[in-house]
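First chain A sits with chain B, and in the next complex the same chain sits with chain C.
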Partner chain A sequence: MFKAKLKAEVLKTILDAVATLVDEAKIHVTPEGLSLKAVDPAHVAMVDLSLGKKAFAEYKATDLDMGVDLDKLKDILKLAGSQDLIDIEYKEDAHKLVFKLGHITRRMSLVDTANMGDPKVPNLSLPNQVVVLASELQQGIKASEAVSDHIALVADGKAFELVAEGDTDQAHLRLEGSELIKIQAPQKSRSLFSLDYFSTMSKVVKATDAVTLNLGTDFPVKIEFDIADGNGHIIYLLAPRIESE
Partner chain B sequence: MNILRDPEPEAALAFLQAELAGLMERRGHLVQAVGLCTVRYQGRARSDLSAGERLVLLKPDGTLLVHGAEKAKPINWQPPGASFTASLADGLVGLTAIRTRPEEIVQVTFSRVDLLVSLPLHDNVDLDLLGTEDDLQAALCRHPDLVEPGFVPARRERNTKRGYLDLDGRDAKGRRVVVEVKRTTAGVGEAQQLWRYVERMRGQDPDLRGVLVAPRVAERARALLADHGLEWREVEWSKVLPKIEAMRAGGQASLARFG
Partner chain C sequence: MLYRELAAFFERLEATPGRLGMTSILVELLGQAKPAEMTPVVRLLQGAVAPDWEGIEVGLAEKQILKALAMAQGSSTKSEETLTKLEALYHEKGDLGLAAEAVVGASKGKQASLFGASDLTVAAAFASIEALARTTGTGSQEAKQRLLSKLLLEASPLEARYLTRTIAGRLRLGVADMTFLDALAAWRIGRGVRSVTDMEDAERAEQEALRATLEKAYDFRSDLAIVATALATGGPDLVAKLGVAYGTPVRPMASERLKTLGEILTKMEGRVAMEYKYDGLRVQAHVSPAGVRLFSRRLEELTAQFPDVVADLAAHFRGRSLIVEGEAIALDANGRMRPFQDVSRRRGRKTDLDAAVKEIPITLFLFDCLADGSGPTMDLPFAERRARLAGLLGKGHDRIRLSAIEEVSDVAAMEAFFDKAVEEGAEGIMCKDPRAPYKAGSRGFAWIKFKTDYTEALVDTMDLVAVGAFYGRGRRAGWYGAVLMAAYDDEAGVWRSLCKLGTGFDDATLETLKPRFEPHVAPKRPAKVDSEMEPDVWFEPSVVMEVQAAELTLSPIHRAAWGLLKPGAGLAARFPRFTRWRDDKTATQATSVKEVVRLYETKG
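And now, the complex of A and B:
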């Protein structure tokens, strides 16, 4: 059983967070909330998302898995304004999710979850941690996009840097000390990432929220932040590009 | 690879049962069956296809394709996730692909089997076109020696709508060099394009050099370039492609490598 009511913008955040990586996702429903894990076909990025029942205006559920076609969900969300409330109910006999928005009822067929495995989350030990305001990060990404298709994330002692080196131009974001919410970087770390992936991930978080980056050298970055006013949480893992010359 | 030609129905059944068991165990073999068959589909609708000679492909991920002698699209199919069974009744060899949710069944019935093939296919690589014009420009930027030793690129117009200037830089003596790039044989059109640009710019910069870079530069294009004091460089794809490949790969690691 799954019956819930929530603001369209919460659902939209989830969709934005996941749809950039996969077309279909298996949502795991429990009495306490939703969660999902998905890895993109190239195995470069993974999302691990949880949304507690407090993120919902109403929530009642038992344990179940739902396979959702994210393109369809996107179409449904286009029908709603961000502050609109959406009613969602799982109809087990028909294997459908029923959405009610205003005077519209939209029934969505679910995808068979039998062939949707659960991605294995790699167990990473990342030495450095940086907590930064999302708007700072987003500004750095904006500067980099004009220059290159990849960025280096560097943490060293009291400073965090985002560096984009293009064929001819460079962009550089440097934050240190009180410009960061927190930094713990006992050893210097540097990893290179696809800007495309990193940028879409960073767009999901609200500009005024904090983003935690866990970093190593030539190692994946773990990006963590809260969604839905702290009632939900997203963890992204992004594999690095290994520099070879 | 296992091959069976013109098998008796019993032999065909034994072959298919053994290979399909392998499929279910994820041994990853692609199974092909060719013969005279009918195809019945039952599910959201129902269709019957009368007898014809067809190629049936059974893929390890549970995809079924039934191809006729013509057209690109299969005449019937099941998307990934179907489970396969083989059967024999009244001398007819049956292949069934079943999907739950939505419940769909494709039943192929052979009155004659001509060929059965089972072979492993290993393919983790996505289809990827290497060697676009953008790739070539990027390679020249990253390895400017391909243009000429000492060349330093300054600007690359990736998405220009004007399209007349691919690469801009300076040579070893500090003279400005504009480079026109073509991924296939460069003809008179490209030579003229370069000349139009250089002609316009030489008023301000009499030392401006123009270079046309392509795998091959046509005879008539060379003549035109020479007439206007322009140059050309032929770069071999065999030399550029490995560089492009390395850049493309960009060393992107998979998460599977970690943890």
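And now, the complex of A and C:
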């Protein structure tokens, strides 16, 4: 059983977080909330998302898995304004999700989850941690996009840097001390990442929220932030571009 | 078995031109594959996910492959600049596989996978490629590109080379089907690979018996994977039990040719069954409760293109199971045969098929019966098979008829039949030995064709394979001016040059030569091509063209039958002229070097 009511913008956040990586996702439903894990087909990035029942206006569920076609979900969301409330109910016998938005009822067939595996989350030990305001990060990415298709994330002692080096131009974001919410970087780390991925991930977080970056050298980055007013949480893992053997 | 290990075999196969050498490598490879891995191994060797006739192609577009390479090196797939650079790398290397190998092997700038390098198994590689080939619909190219990216991110450079080639639909290891069957036999017997001439009598007998069993099973099923799996799991006994299956194409029997009707009569020991040789499309029709399937002579499925023929067969043979062969012909309102082009216009059509069905209705002239409800009939003599066919057809049907046939025993009657055939619009006659069985997949003198152009002064037409091209000059600048043509040496599995073809093309054809050959361009002379002449562009042997030549002569340049008739000389076709495309033939179904030699010897 799954019956819930939530604001369209919360659903949209989830969709934005996942749809850039995969076309279909398996949502794990429990009495306490939703969660999902998905790896993009190229195995470069992974999302691990959870949304507690407090993120919903109403929520009632038992344990079940739902396979969702994200393109279809996108179409449904286009029918609602961001503050609109959407009713969602799982019809087990018909294997459908029924959405009610205002006077519209929209039934959506679910995808068979039999062939959808549960991705294993790689076990990473990342020495450095930086907590930064999302708007700062988004500003740095904006500057970088005009310059290169990848960025280096560097953490060293008290400073965090985001560096984009093109053939001719450079962009550089440097934050240190109180410009950061928190930094713990006992040893210098540097990894390079695809901007295509990094930029879409960083767009999901609200500008006024904090983002936690866990970093190593030539290691994946773990990007964490809250969604839905602290009632949900997203973890991204992004594999690096290796600079040298 | 790991894909890495398979890739190492691929690399060795690629570097080995000789059939015996290839066989040895294949035997070693078979020794490392578990029975359950036979299907993926065979398919991957063939660069396919299913037998040809299933029509499932891998072929990911070049643009998407370049995007996957961009991703593998950690660049944006949206950057035109990156894609342009990768395209330049591809052209420099001459091959997408080598470009992928360079990208994955680069010491700087490489996208990592979240999961690190994988120990990709042959089964997993096959499953991924199969999933990729079967992905269709909107956004499928994008999805395929990401699947390839994943494989590349987790691959070694050599794996990347072969994964990319396979996914581009351009693996082309040049392992002939017959070479693979040789290897299967040698692997099973386990005494290594030697030429049969070097074997003791008993060994040779064992090798040849097993080889024949394997080939027969292959001729029935047209799928090496089924044969290899049967051998690996149940030995020769299981292979021998592989009979024909309704819905699975049988490899067609092919004909020889002779210059005169007199020679044909002698060859057939005085008794000949003659049929019209219709200038149509040879069709193998399977009817069973599971439905009707049609296959071309190169075993492509034609079912979708001929819904009218399918409906006619389904209605006429309702409730029965049979495999028959016939020639699909378009007849005009007066019942005269329309040219081959009219039928071939029906092929490959996806849109306005309904209009084509009305405009060009097809009549099927049946000439053989390979299986009826009681089972295979191929071992029966031809006369008996024809009788069964007539029985099956019963009163007949407007658009399903028997081909015209007559059994005679003198040349005068043959001539009369030939004249009548030509008069009614046939391109000649087929002479068949009434006592001979249907030898699937083989060419022999049990069937001999005799065509109108044989009676002219010119040498017969040959179906040759394009292996290279020369840029045109003057009026033909910017086009290909001539094509290097080769005959197929079916013993060595090599195409040997026979002539440079520059006449017979009208401007419209000349214009289309370059785009037509584009997908077959090779970076250097393919190992399976034997030619002293250096064209401007090399092709993988693939496209078959019908060529008419004035005569065959000894040549110090061309390599067909080199040293066979005279030391230091091969055969060349003089004054060759393009007559038509033979898209219905594969490169291995082209005129063989043996046939060319026979034409040379019988030219009188």
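What we mean here is this: the second predicted complex is superposed on the first by the 243 of 245 C-alpha atoms of A that agree within 3 Å, B and C clash if a C-alpha of one lies under 4 Å from a C-alpha of the other, contacts with A are read in each partner's own complex, and residues count from 1 in each chain.
Quick note on the criterion: contacts are C-beta pairs under 8 Å (C-beta built on N, C-alpha and C of every residue); 3 or more make two chains touch, one makes a residue touch a chain.
These numbers were taken from a predicted model, which means no experiment stands behind them.
Participant: With chain A superposed, do chain B and chain C clash or fit?
Facilitator: Overlaying the two complexes on chain A (C-alpha atoms) leaves chain C and chain B clashing.
Participant: Once chain A of both complexes is superposed, is A:232 in touch with chain B (first), chain C (second), both, or neither?
Facilitator: In the superposition, A:232 contacts neither chain B nor chain C.
Participant: Tell me the contact category for A:33 with respect to chain B and chain C: first, second, both or neither.
Facilitator: neither
Participant: Applying the document's definition of touch, where does A:196 land relative to chain B and chain C: first, second, both, or neither?
Facilitator: Touch partner of A:196: chain C, not chain B.
Participant: Please work out whether A:140 is in contact with chain B alone, chain C alone, both, or neither, and reply first, second, both or neither.
Facilitator: neither
Participant: For A:44 in the superposed arrangement: first (chain B), second (chain C), both or neither?
Facilitator: Both chain B and chain C are touched by A:44.
Participant: Regarding the shared-chain residue A:23, is it in contact with chain B (first), chain C (second), both, or neither?
Facilitator: The second partner, chain C, only.
Participant: With both complexes superposed on chain A, which partner does A:112 reach: first (chain B), second (chain C), both or neither?
Facilitator: Once the two structures are laid over each other on A, A:112 reaches chain B alone.
Participant: Which residues of chain A are in contact with chain B in one complex and with chain C in the other?
Facilitator: 39, 42-46, 122, 150, 192, 194, 220, 237, 239-244
Participant: List the residues on chain C that touch chain A in their complex, please.
Facilitator: Within the complex, chain C touches chain A at residues 71, 73-79, 82, 107-115, 139, 143, 146-147, 149-150, 153-154.
Participant: Quick one: which bits of chain B touch chain A in the complex? Just the residue numbers, please.
Facilitator: The touching residues are 62, 80-81, 99-102, 126, 138, 141-142, 153-156, 246, 250-259.
Participant: What residues of chain A sit close enough to touch chain C in their complex?
Facilitator: 23, 39-46, 120, 122, 149-150, 192, 194-196, 218, 220, 237-245
Participant: Taking the complex as given, what residues does chain A use to touch chain B?
Facilitator: On the chain A side, the touching residues are 39, 42-46, 95, 109, 112, 114-115, 121-124, 150, 167-168, 192, 194, 219-220, 237, 239-244.
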